[in-house]
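Both complexes shown next keep chain A, but they swap its partner, so chain B is in the first and chain C is in the second.
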Partner chain A sequence: MENGLEIVSVLNLQKYYTTRSGFLGRKNILKAVDDVSFKIKKDKVFALVGESGCGKSTVARTILLLTEKTAGTIFFNNRDISTLKGKDLKAYRRFVQIIFQDPFASLNPRMRIYDTLSEPLKVHKTVPVKMYKERVATLLDQVGLNHSVMNRYPHEFSGGQRQRICIARALALSPGVIVADEPLSSLDVSIQAQILNLLKELKVKNSLSFLFISHDLNIVQYFSDEVGVMYLGKIVEQAPSEELFSKPMHPYTEMLLNCIPKINRLQNSSNGYDDKTDTPSPLNIPKGCPFHPRCPKRLKQCELVQPVLKEYNGRAIACHLYLI
Partner chain B sequence: MSFLKVKDLSVFFKRNTNDTQKAFAYKKDIQVVNTVSFEIEPSQIFGIVGESGCGKSITAYSLMGILPNNAYSEGEIIFNGQNLTTLSGEQRRKLRGNQISMVFQEPMTSLNPVFTIGYQIAEVLMTHKGFNKGKAMTKAVELLNAVKIPSPELRVKDYPHQLSGGMRQRVMIAMAIACTPAILIADEPTTALDVTIQSQILKLIDKIKKDMGMSILLITHDLGIVYENTDRVCVMYAGRFLETAKTIELFKNPRHPYTIGLLKSLPVNKNIPLSPIPGIVPRPDNLPEGCKFSNRCLFALEACKEQEPDLMPVSDEHYVRCIRAGEHLWKMA
Partner chain C sequence: MKDNWWERLKTNKMAIAGGLIVLFMFIISIFAPMITPYKPNIIDRYNILSPPDTRHLFGTDDLGRDVFSRMLYGARVSLSVGFVAVGLSTAIGVIFGAIAGYYGGIVDRIIMRFVDIMLAIPTFFLILAVIAFLEPGIRNIMIVIGLTSWMGVARLIRAEFISLRNREFVLASKSTGASDLMIIVRHLLPNSMSPVIVSAVLGIAGAVLLESALSFLGLGVQPPTPSWGNILTIGKDNIEIAWWLSVFPGVAILITVLGYNLFGEGLRDVFDPRIWERND
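Entry: the complex of A and B
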């Protein structure tokens, strides 16, 4: 696979939840993330895609230390982050920042923009107090907002402007990695394009790497360098983004790409996929290949044996079609 | 023959008259839909596409007769030769769910959590068609089958929370088509769903159109959905139609700078940079003078800021509200 210096790497990550169901409160194990490995490389965008509930945000939350993992290792500059303490742990938290889906919910309505943006500076003491104003002004410049917005409150801004403020907050501590969980999905089409251009520009100027989560595959194709396709907690195909989108190999990837409504300005297109099944619940993962009940190409062994993720032509695929 | 004809529909929200802030009390009501006209023929899917707040849902609510209490409409909604806006509340209630029905964006909030889905479908038939419970439940199973819910005879007994989002939306569609309405309004029916489930629902809507000859109004913000699923489309902005055409024509020959801007905002290929529309979507009480798009338009002239252009034909059945509509701006963008 593409080389490049890895900054954060995730190895065999697992996150299981224990839930209770029914009147008897029988215990169930929900495998939200099961044996996921990938690398976020310097100046690159690694994207996670897949249907709702497949575990994308859970991966993001474990990397951000917002959720405790069940098993697996996360490396930061080749050090296991669970061994980091004190100053080193703080440095990691500073280095990895988040942008959420909902810019309305993620800003405190009672805090002026200046306070929101200077708070991380206070907590991490990265710049002297007398420099706060200058730093906040620089951050606003970077996201294309006027300095005068400093003294205003979140409700005075539109969705796109709020997302710019959230991006400025994520940049406050000069991070190296941005975890962006559906950063565009609450925005209008014309505003999405503005924010996407901004992220692209910041990526180059601030030399940022991204973990990018989006259900909009057109956006993923545009922004990412490498993609992991998740299904029921596992990565089923991982490949450089150009290759994945020009030639999806796992039948699930193929199904996802086929379902994107496409604009073909010259001829009538139609999608020939005929899938009538729903996404299975992560509480009741099918035996064999977890995708087999929906798979139009399934073989006999797909119902019995779970395919492992294996290297195939420079990508990783978990599918019996490619294990022969 | 045309089934639904909307003529110069406008919708206003009343300003709060006992507003303590006196400054607002004398201001005019806010207009959120502005003289919109269109027709939907049988077996046709008519699309309305636009960004949030442009007036799509409010247009749909006026067709259904379910505008909020603080809103009122002007203009005509003609259905089977009758102007619906002159009917009484009771007469409109009889049409709703029977002749004209609607599927909403959020399938969970529109189903009642305490009744089985079978009962909720049956209730529509008991109310409008006078079916007894037994007959209505049998028909409910048939409808669940028609919307492709597996094992419908078992699923009728399920409660909404036992279904996935996609299945709930299919139940909503089953309820909406239960009385074989002439018109089905689908307001962002797949926005809350995964692409895979979205594709199933859109295919289902297309099948219903073909099988039942229904007129369908499909509201969406997704141009891809418009391209793949509609026969005719209009692009809405600030309560107005800015461009309307046959779908294929609109994508081949986009004429309005807003339509062009939306198309240029979509990522297609890594090597083609995005050219987003500048600025933000305006609020209905804060629209610019003249052309309502002029403050964001890359092609605006001085004249654009003075007078609002009319919706004018540029070719057969293709109408554009822009003084530069004849210039093939797409090639310059």
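Entry: the complex of A and C
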């Protein structure tokens, strides 16, 4: 795979939730994230794709220490982030920032934009108080908004403008890694393109690395360097972006690519893929390969043995078809 | 949203009526000495238990004190007990509710079980029991009412915090490393104040009523300090010969409580987004 300094690496990350049916009911374990490993490299974009509910956002939240992990390790500059304390923890918080999906929920409705954007500065005291206004103005410049917006409230803005404000907040502490959790999926298509280009421009200007979470493969193809495909909490295929899109190997990846609507396709043929069935509930993951009930290429052992993620032709794949 | 709550309130006639009553009570209690020529404890010994006339608008009581003046000064007592008690209970409720809602887990369970225990004890009897040990008086009444009526606010704040604490703007703040206190004060509290304001206004009505009841029983404001409740006590003793001693303070309590309730309900409608949708 491509070389590059890794900044954040995730190793065998697990996040299980226990739910109970009823007061004294049976305990159920929901494996939201199960044994996920990947690396975010310097100046590169690692994308996680998959249907909703596959655990992408949980990965993001664990990296930001917003959710406690069940097992596994996240390394930041070769240090386990769960052991960070005090100053080191603050440094990590500064270095990794997040952009959320819903720009309507991610700004405090009762705070002026200036207060929202200067809050990270207040927390980390990176600039003297006198300089806040200037810094906020620079941030707004960077995301293409007028300085005057700093005195206004979030409800006065459209979705795209709000997402720009969220990006500005993420940039406030000059981070190295931005975790973008579906940053475009609640925006209009025309706005999506603007925001995507903005992200791309900021990535180069500020030399940012990204963990980019999305279910929109067109966007991922345009933006990412490496892609991990998640299905029911596991990565089933991981490969450099070009390779993955030119030649998907895992049947699930193939199905996802098949689902991209194309205008000049005569018929939306599904190539035998069962893309009508819903994803099985993560509370009740099928035995063997979790994808086998929907897979047109399933073999006998798919129903019995769970395939493990293995190196195959420069990518990683968890599928019996390639494990000979 | 924020800027047009006043517009919404203006269209709610009941709330306006309630607000005017509340305002009226404020004005008369502030300007009491200018409205009435008599001091509340001045005795007119030639006019004991005299019915309402032009000299004594609401009549006089068994010692010949002017009931109108006593009621004006009594309004001061009632309102200040209401405000201080509710201020205290709101402060306690907000602190407990915030801790329970924000931290969750075992802290939450302990606090909420404590709330359940407090709610299980009938407040009025609890207050009676406490007052039996303390000296009855305005200050103790305020404290006791405050200490026994914070549970509703705690529950409200806790519920608001639970629904807010995983909202993206809170998570964003958390991921920049903001402290718990900063998140609570800057993000959670300002977004959960509306139900608290409503419950505080409604709570004042409850406190006014409670104070009157305690004073009526002789466990609240002690004579000679006037209060609507202890005027009623005298009224009870003379109900066959002096109806004005019962009716005027009774009506005053009724109107005040009604005013706060109407105003509080109106505020609730104004703050409740589900009702905006219906009207918009």
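The rule is simple: the second predicted complex is superposed on the first by the 308 of 324 C-alpha atoms of A that agree within 3 Å, B and C clash if a C-alpha of one lies under 4 Å from a C-alpha of the other, contacts with A are read in each partner's own complex, and residues count from 1 in each chain.
As a working rule, contacts are C-beta pairs under 8 Å (C-beta built on N, C-alpha and C of every residue); 3 or more make two chains touch, one makes a residue touch a chain.
Just so we're clear, the structure is a prediction, and the values are computed from it rather than from any experiment.
J.: Contact-wise, after the overlay, does A:Leu173 reach chain B, chain C, both or neither (first, second, both, neither)?
T.: second
J.: Going by the touch definition up top, name the partner, chain B or chain C, that contacts more of chain A.
T.: Tallying touched residues of chain A, the top partner is B.
J.: Quick one: is A:Phe100 in contact with chain B, with chain C, with both, or with neither? Answer first, second, both or neither.
T.: second
J.: According to the stated criteria, A:Thr279 is in contact with first (chain B), second (chain C), both, or neither; which is it?
T.: first
J.: After lining up the shared chain so the two structures overlap, which partner does A:Pro120 touch, if you call chain B first and chain C second: first, second, both or neither?
T.: In the superposition, A:Pro120 contacts chain C only.
J.: Touching A:Ile219 in the superposition: chain B (first), chain C (second), both, neither?
T.: first
J.: In the superposed arrangement, which partner chain does A:Glu51 touch: chain B (first), chain C (second), both, or neither?
T.: A:Glu51 sits against chain B, while chain C stays out of touch.
J.: In the overlaid three-chain picture, which partner chain does A:Ala193 touch, first (chain B) or second (chain C), both, or neither?
T.: first
J.: Residues on chain A in contact with chain B in one complex and with chain C in the other?
T.: None.
J.: So in the complex, the part of chain A that touches chain B is made up of which residues?
T.: Touch residues, chain A against chain B: 51-52, 158, 160-161, 188-194, 196-197, 215, 217-219, 221-223, 242, 255-256, 258-266, 268-271, 273, 275-279.
J.: Spell out the part of chain B that touches chain A in their complex, as residue ranges.
T.: By the definition above, chain B touches chain A via 51-52, 148, 150, 164-167, 194-200, 202, 221-225, 227-229, 248, 251-252, 261-270, 273-278, 280-281, 296.
J.: Under the definition above, what is the set of chain A residues touching chain C in their complex?
T.: 61, 64-66, 89-90, 93-94, 96-98, 100-102, 105-111, 115-116, 119-120, 123-124, 153, 155, 166, 169, 172-173
J.: Enumerate the contact residues on chain C facing chain A in the complex.
T.: The touching residues are 1-2, 167-169, 171-179, 182, 186-187, 190-191.
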